[in-house]
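Shared between the two complexes below is chain A, which pairs with chain B and chain C, respectively.
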Partner chain A sequence: MIAGLYLPGDSVIHQLSAPVKLSLMVVMGLALVLVDHIFVMVSVAITTGFVFSVLAGLGFARLWLATRPLLIWVLFIALAQFWFVTAEAAVLVSLRLVTLVWVAALVTYTTRLSEMSDVLVAICSVFRPLGVNPERISFLIALTIRLIPSVFEIVRDVRDVQKARGLERSYTAMFVPVLTRLLREADALSDALVARGFERWGDQQ
Partner chain B sequence: MISVDHVTVRLQGRVVLDDVALSLTERRIGVIGDNGSGKSTLAKLLNGLLLPDEGTVTVDGFDTRSHGKEVRSRVGFLFQNPDNQIVMPTVAEDLALGLKPLRLEAERVRQCVSETLERFALSHMADRSAHLLSGGEKQLVALAGVMISEPDILVCDEPTTLLDRRNAALVMKTIAGLSCMVITVTHHVEHLDGFDRVLVIDEGRVAHDGTPDQAIPSYLESLS
Partner chain C sequence: MSARDTVLVAMFAALTAALGLLPPIPVPVVPVPVTAQTLGIMLAGCVIGARRAAFAMLLLLVLLALGLPLLSGGRGGLGVFVGPSAGYLIGWPLGAYCIGALVSRFGTTIGVLFLANCLGGIGLIYAIGIPVMALVLDLPLESAALAGSAFLPGDLIKAGVASAVAAGVLRAYPMQKNASP
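Our next item is the complex of A and B:
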């Protein structure tokens, strides 16, 4: 239904404002690309891991959770680097990737979606003279993020039903009910948005 | 005050509401009727989510056709499924969404959200993920998200149909405590105790219109 990655907390990191965190993330990203000394890289990675799990209070289990989906790719790239370049390059690239993801995950876990979208509104406001309505754009993005899990949920539901009917290998048997439900949900959601005043958000008062 | 003036609604060529005329002023109005009788269609007419094919609907003098925004700022709407109504990831953020049209300062929004959370006894879940709450809690969050902008009228379309008895009772008790005018579509006739007026809808027409003591028995009788 609703994707919420934000994990409430009152750590120093949680209290930093969203613009500061997002700027720091960009700066960190650039800096990480520039670092090419292995000891610097290792210390940056360790520090980031420490900030993530201890300072932000997210814990090592979640750090591992954020890293795990990456491992296969990191392994693949590291092997290639090791083969074609050097062992040092392999370590450097792996740590760089992992640290980048940690930084991004740290910001995502400690910043509310609404704060993120406020930053986005501020950035998009530059284009207001061109007729862009920043509130709506940022909301559209938030909405997209919210809808991803509902799509998965619908697919899972329909697959269960088809399985019960012995149709699990049929893609056509999936397609129609999934589409029907998606359209119906989109309809209900759009009613709800109108009822909640969506059309009045951009009004200047 | 909502006035439904000889309204006919056709959906895909079928007459779904047939020349309905109502003047709604009572503080508590219930709407009952079979599945497909036109209850949701009627509810959606009242805040302009749906426009009549013939006739007019006005809220405090504002025509839903020409003044949709004004109507919707007066008429809040609670849907059957809170999952469709709750948009933002956390409870507090979703409540704040209801204030967006008012363009308040951030500090004022925070204050208003925390007051509303308290009013609906939701303070302890301000930062919880809305989608991880129980059905009853979700419906209360959805209700708080509507009431935060202080509509004069609340329209509810089967707000308890997806809930178990305990949660349904809790939601109805909360709705009963609201100070604004409430129009509720429901299948649970026991929730209409103390209502001022009950409408029974049958095949797109108002079959009965009266006090709960008159309307409910006649509806239940028509079932058997």
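Our next item is the complex of A and C:
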């Protein structure tokens, strides 16, 4: 089964509501763009790191995990900026990137998937007059989460079958059967939905 | 959206996510690992048509934003939307739409599929991804393009694979007669 990135906890950050955290994230993102003094940037980064690892109780290991994919980019900035502009500019851009990613990761790690999708459904409800159907969107999300393991299973099955035939190096032998099975499966599933009156879901409002 | 549209959208979002769970394929000469994930974008565009493919990719982005680790390497969450590769992600629905539109306009021969995959799946996605990368990293566009070009050989291979696979699938399971208006 697919698990979200949410990490249970009872910190102050965990207790903030999802809309509050998301708004704070947007404000923080805009504010970070305006910071152009290196000492301000360093202290904002250190504070964010502290809030992430200590205040939210996510720990330094998790902070490192959130930072690691960025290191190659930071290295690239360092290489590219160093000669063109100044070392200070390189540090500023790197810290801005890292801090912004920390803030976003903090929201994801401390907010339940269900709370996040509640926010999404609330946003979608605003567009109901334009023909957007929030119930169908939440159904679509649930259906996709449910389908990921099944699709992965099909991919693994077909790979084993083709390996037994010595075809594990052929991409067409691998993916053509996967895709046709998915399409067949999709037909069966949509028939099942139609039989349960899906075409008229959520239309009564 | 009909029931069939809904299921196909969910199915191809799930396929693209599942392809991210496969271990990356190491390719000689290419400096970055080639993940199968962009294959999902191209296959969606070729097989289920522009509108459904774009919705499938948009749905995948929504799932990522909600906090599911569905990118290759287990990445996900809101962090990926503020990082340097955010532009590529934004390009996914647009690229898938472009591929679908080209295929429905020019047919499903393997040459057309390959050209559509290169234009929509590589060209358009790079055209959004590289400027965004330059903006996030505060670099001149040329340096960002240089960094982005590291992915080009892998993506060209994937465009070839996706075209061959899509041609086979469309032969085995023609979608045109079932296409929604």
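Everything below uses one rule, namely that the second predicted complex is superposed on the first by the 143 of 205 C-alpha atoms of A that agree within 3 Å, B and C clash if a C-alpha of one lies under 4 Å from a C-alpha of the other, contacts with A are read in each partner's own complex, and residues count from 1 in each chain.
Everything below uses one rule, namely that contacts are C-beta pairs under 8 Å (C-beta built on N, C-alpha and C of every residue); 3 or more make two chains touch, one makes a residue touch a chain.
Only a predicted model underlies this, so the values are computations on that prediction, with no experimental measurement involved.
S.K.: Is A:Leu193 touching the first partner chain B, the second partner chain C, both, or neither of them?
M.R.: Both chain B and chain C are touched by A:Leu193.
S.K.: Quick check on the superposed pair: does A:Val151 touch chain B, chain C, both, or neither? Answer first, second, both or neither.
M.R.: A:Val151: touches chain C, not chain B.
S.K.: In the overlaid three-chain picture, which partner chain does A:Arg136 touch, first (chain B) or second (chain C), both, or neither?
M.R.: Second partner only.
S.K.: Could you figure out whether chain B or chain C reaches more residues of chain A?
M.R.: After superposition, C is the partner touching more of chain A.
S.K.: Answer with first, second, both or neither: which of chain B and chain C does A:Pro8 touch in the superposed model?
M.R.: Once the two structures are laid over each other on A, A:Pro8 reaches chain B alone.
S.K.: Using the touch definition from the top, say if A:Leu113 reaches chain B (first), chain C (second), both or neither.
M.R.: A:Leu113 sits against chain B and chain C alike.
S.K.: Which partner does A:Arg68 contact after superposing on A: first (chain B), second (chain C), both, neither?
M.R.: Neither: A:Arg68 stays clear of chain B and chain C.
S.K.: Looking at the overlay, what does A:Leu179 touch: chain B (first), chain C (second), both, or neither?
M.R.: Second partner only.
S.K.: Pick out the shared contact residues on chain A: the ones touching chain B in one complex and chain C in the other.
M.R.: The overlap between the chain B and chain C interfaces on chain A comprises residues 2, 4-6, 113, 143, 150, 185, 189, 191, 193-194, 199.
S.K.: Inside the complex, what are the residues of chain A that reach chain B?
M.R.: Where chain A meets chain B, its residues are 1-6, 8, 112-114, 135, 142-143, 146, 149-150, 185, 188-189, 191-197, 199-201, 203, 205.
S.K.: Which stretch or stretches of chain A touch chain C in the complex?
M.R.: Going by the criterion above, the answer is residues 2, 4-6, 25, 29, 66, 69-70, 73, 76-77, 80-81, 84, 89, 93, 97, 100-105, 107-109, 111, 113, 116-117, 120, 136, 139-141, 143-145, 147-148, 150-152, 155, 171-172, 175-176, 178-180, 182-187, 189-191, 193-194, 198-199.
S.K.: Spell out the part of chain C that touches chain A in their complex, as residue ranges.
M.R.: So the residues of chain C touching chain A come out as 1-4, 6-15, 17-19, 21-22, 39, 43, 47, 59-60, 62-63, 65-70, 73, 75-79, 81-84, 136-140, 143, 147, 161, 164-166, 168-169, 172-173, 175.
S.K.: For chain B, which residues count as touching chain A in their complex?
M.R.: The contact residues of chain B facing chain A are 44, 47, 49, 68-69, 72-73, 76-77, 79, 81, 83-90, 93, 96-98, 100-101, 103, 127-131, 145-146, 149.
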